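Okay, got some structures for you below.
You will see chain A twice below: alongside chain B first, and alongside chain C after that.
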Partner chain A sequence: MQYRWIWSFILFLGCYSPSLRIYRPYPDEVTFTKVDFFPKVIVLAPTEFPEALLDHDLRRKKILKNEYGNWESLVYKELSLHPKNYPKLLQGGKIQILEFELSSVDSCFSHKASVKLKAEYSIGNEALRYFEYEDQSKNYNSNCILGLSSLTLVPLLWFIPYLGFQGNSEDQLNQLGRNAISAFFLELEKNSGKSN
Partner chain B sequence: MRLFFLLIILFGQNTFGTEVEALKKEEEARSLRRQGRISEALELEKQAENLRIVPISQIETPSFPSLTKNWNIGVALQSNQAIDSGGQNWFTNVPNVWFQSGSPYHPRFPFAYQNKSDLPISWIKPEPGANGAFVPVISYRSQDQKWGIRYRTTRYQTDFFGVTSSSVGVVGREAIRFGYQDHKLHLEIHEILSSDWRVSWNFGLRYAQWDTGFNKTNTEFNRGSFGLETSRYLAPQLGFIFHYNLSSNLSLFFGGDLFFSTLGQLQYRSDLIEASGFSRTSSREPLALNAYGLDIRTGLEVPIGSDKLFFIWESNSTIWRANESHYPNFFASSEDSYRKSISEYYRSSAIYESDGSKKVLSRSFGIGTIMLGYSHAI
Partner chain C sequence: MFSESDPQFESGEPYVIVDSIGSYFFAIFSKILLWDRRINNHAISEESKKILIRYMQENNLKSTKVRFNQYAPISEWKRLSQNQKIPGTLRYTVGTISLLAYTFLPDRVFAGIIGGDHYNPFTDTINVYSDVPVILIHEGGHAKDFAQRQYVTLYAAIYAIPVVGSLYHEARATDDAMNYFAEKNQEDQLKESYEILTPAYSTYVGGAIGDIILNPITTAAIIPGHIYGRYKKKSIPEQMARRKK
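Up next is the complex of A and B:
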């Protein structure tokens, strides 16, 4: 239908492209200027960067790359910012991400963002441990509904606050990714002897 | 509107964060380390570290005019457009006055002044005249940047032209004139909310006056009429302006002002010249007028040294009502004209009095302004 091209044109005009920014968020960030190098901690992953699949009804499928570093950067940054939380891991360890699926699927009248993280890790000389995390968010933030609601005023007034409340696809992808990373690091903290 | 957004997109590009670049350099450094090229890796890591140290200039507070130059004097070109309600949209539930709203055989002008009975059908084609104006822009800011004084003004003047036609052709011409000016003087209290946001709270005084006139000839009935309505008020005003720095030399601001006044007055006069005589209806004493309204303002500022260019988009709306508590003065040169003027007054008196119902109807008009200006700091 013709409206698809109009939408692509408008979206293109706005140079809209979601960015994937996954990291472990903290309520009080620590300022840092340097991320250290930990040769004893090995990080392996199926893809170099955490990736997300963007599959929207009116756009081509797109793979987004994390702008805040690859898997190694994420782990090393965490270790250099908070070394006290990982006393055992700093002496050596191996983290292998088996599977990381983050996707945002917009099928015209509904939207589903989901994350799945499967990892194996061993701290020091201990046995291999397994970590699994899964989450998803189903809502009605889709481009078709936004386009339809902008034709008249009252649906727009109802839909825009809903959109703000739920977050757009970029927000949802980022939030799910950050939750997965945070959960993984929490587990690492627990098992590498964090002293409270 | 399009120019406004285009300016934002063209000039609103921020300097982006550098964490992404720093991380890229560090990842490369890591792979170099694994290959054994330690010195190059150290070089890259040093670069990444420098990227993360934010230079002081990036977090400086926005550029105010220099501390010794407190005055800002300039000129702006305004281009205005007005809309009005009154005249043809008096479809109220009050039966005493609904007939005054007009009908095809009892038409009303679409603009402020309620004209009287006028047959045949009159057709107004609004052709507003040129309504640009040069206005001065004066503001003062204290030495410690905490408070200031500002003067603002808006001027608008236009004429509408139309023709009255009947089955025999054009029988009359009419012109309606509307002129508005307001002067606002207010005290501003400045506050810095963060490195990008500033706000100023405004308390001030506002004086506005407007006049509406009509001038009409009707050759079929050998009639000419002329009317003038002059209103003004003095109001206290309350407002705010938020400034946001899009970049180091472009800032966006938006704000609003509210005012309310009971110190207003309105005077009117209406003349009718016919073959039978001449009559004039005029208000005996100034009518009490209440007004309240809202100004919304948004714009862009580009400071260049001690000069500043600005582009403002503003809308002034005024809602007013006037109440008359005495009969007007009727002056006529013949008995026919005298009777006619009284019946005309009866037919259109709902403008100024409640005609037995509980409240006086209010009228409103709005003025939209686009302003482009330049000011210099002294």
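Up next is the complex of A and C:
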């Protein structure tokens, strides 16, 4: 009986060791060794992005840093990898991230992961454009339910598959973050004269 | 990381006798269980390989090795020693155990009876023997799942938790495969996902239930898996329509 508690604790640890890995997934990804610097493209962000708030049971809050870098890194990496998609932006432009919120909040028996992105950008001498993106995921992937299921064991047979198919808080944060970035870069491509 | 002599994607040399024995003898049970003759058939088509290669590229999985119907124990032991994502102490204990079966009871022959298509997190290698794209992407899903974890060894250890350990990892990989084909609008592959991956998943549920009541009911549990998979397959047009909203 004692080993079940140990295993449950290890399972908790597995869920409590999140990392933020937000980047833009792209088809036909190619190997690259260097991210170029684009002095004509200015990227401004209010904070060191992206920070994500994890607010789970027992009021344990945690701030995560993105392992793929801040906004400037992500934008320059995208421009380095796919310069043909941004012909106008490479001539000059400015991207300002007004707001970026990524959070995962447990309310014992429910969980909500959300992302909110607001940005302004201008390409060359064109007018300033505004971009807004919001998304969220509500489900039952909470640590309370995991803990209670572990205590009684049998509900784990339902809850673990549910957790797996929904993704834990880390998975949801990363997926929402990637969706937000993908949407933003698609918008930039569209207005940067990407040829199809 | 990879080179001309050690490419990321490698195929084993076809040996008709070995592959035939593997496919027509050792893999019979797995073919019947999942009701598909391509399971562990040791003859992966170029088209199937391309599907997995594209998935790996799209998901930025640059360090994961893929072996198509290949037996390469020396190379795998080298990869184990070089995998810096896993601490050395664990690499040479738990990681070693993970490779012993591969080395002395090769899936290249025994897939279906002992082992089969799988992802090894200690060597970061996908080994596949079935010409079934959904299974290939499912294994790719494991690699992608592990690539996103900060503590790879701890995450791998969860698999060993009694009763439910495997359910989480397998759900992540199955979910990723299904979503991948749905995003690509490949209804035929999505149908196949329900036909093969759902019953395959139910073997893990069966194993879990079997662990609880100490009876081997894994085989019986696959029947509801087949039923549920085919039921979900019928609602694919609805699911695709909901995605587009």
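The working rule: the second predicted complex is superposed on the first by the 177 of 196 C-alpha atoms of A that agree within 3 Å, B and C clash if a C-alpha of one lies under 4 Å from a C-alpha of the other, contacts with A are read in each partner's own complex, and residues count from 1 in each chain.
Keep in mind that, in the parts below, a contact is a pair of C-beta atoms (placed from the backbone, for glycine too) under 8 Å apart; a residue touches a chain by one contact, two chains touch by 3 or more.
Keep in mind the model is a prediction, meaning the values are calculated, not measured.
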Exercise for the section: Applying the touch criterion given at the start, work out whether A:Leu153 contacts chain B, chain C, both or neither, answering first, second, both or neither. Expected result: second
Exercise for the section: Based on the superposed arrangement, let me know which partner A:Ser73 touches: chain B (first), chain C (second), both, or neither? Expected result: first
Handout entry: In the superposition, chain B vs chain C on chain A residues touched
Key = C
Exercise for the section: Considering only touches as defined above, state whether A:Val35 meets chain B (first), chain C (second), both or neither. Expected result: first
Exercise for the section: Kindly classify A:Asn174 by the partners it touches after superposition: chain B alone (first), chain C alone (second), both, or neither? Expected result: second
Practice task
Report for A:Ala127: first if it touches chain B alone, second if chain C alone, otherwise both or neither.
Solution key: neither
Practice task
In the overlay, answer first, second, both or neither for which of chain B and chain C A:Gly164 touches.
Solution key: second
Problem - chain A positions touched by chain B in one structure and by chain C in the second - result: none
Completion exercise
Residue positions on chain B within touch of chain A in the complex are 19-20, 23, 26-27, 29-30, 33, 45, 48-49, 52-53
Practice task
Give every residue of chain A touching chain B within the complex, in rising order.
Solution key: 32-35, 37, 39, 67-70, 72-73, 76
Completion exercise
In the complex, the residues of chain C that touch chain A are 54, 57-60, 62, 148-151, 154-155, 157-158, 161-164, 167-172, 174-175, 201, 205, 208-209, 212
Completion exercise
Contacts from chain A onto chain C in the complex sit at residues 3-4, 7, 10-11, 13-14, 17-19, 21, 23, 25-31, 153-154, 156-157, 160-161, 163-165, 167, 170-171, 174
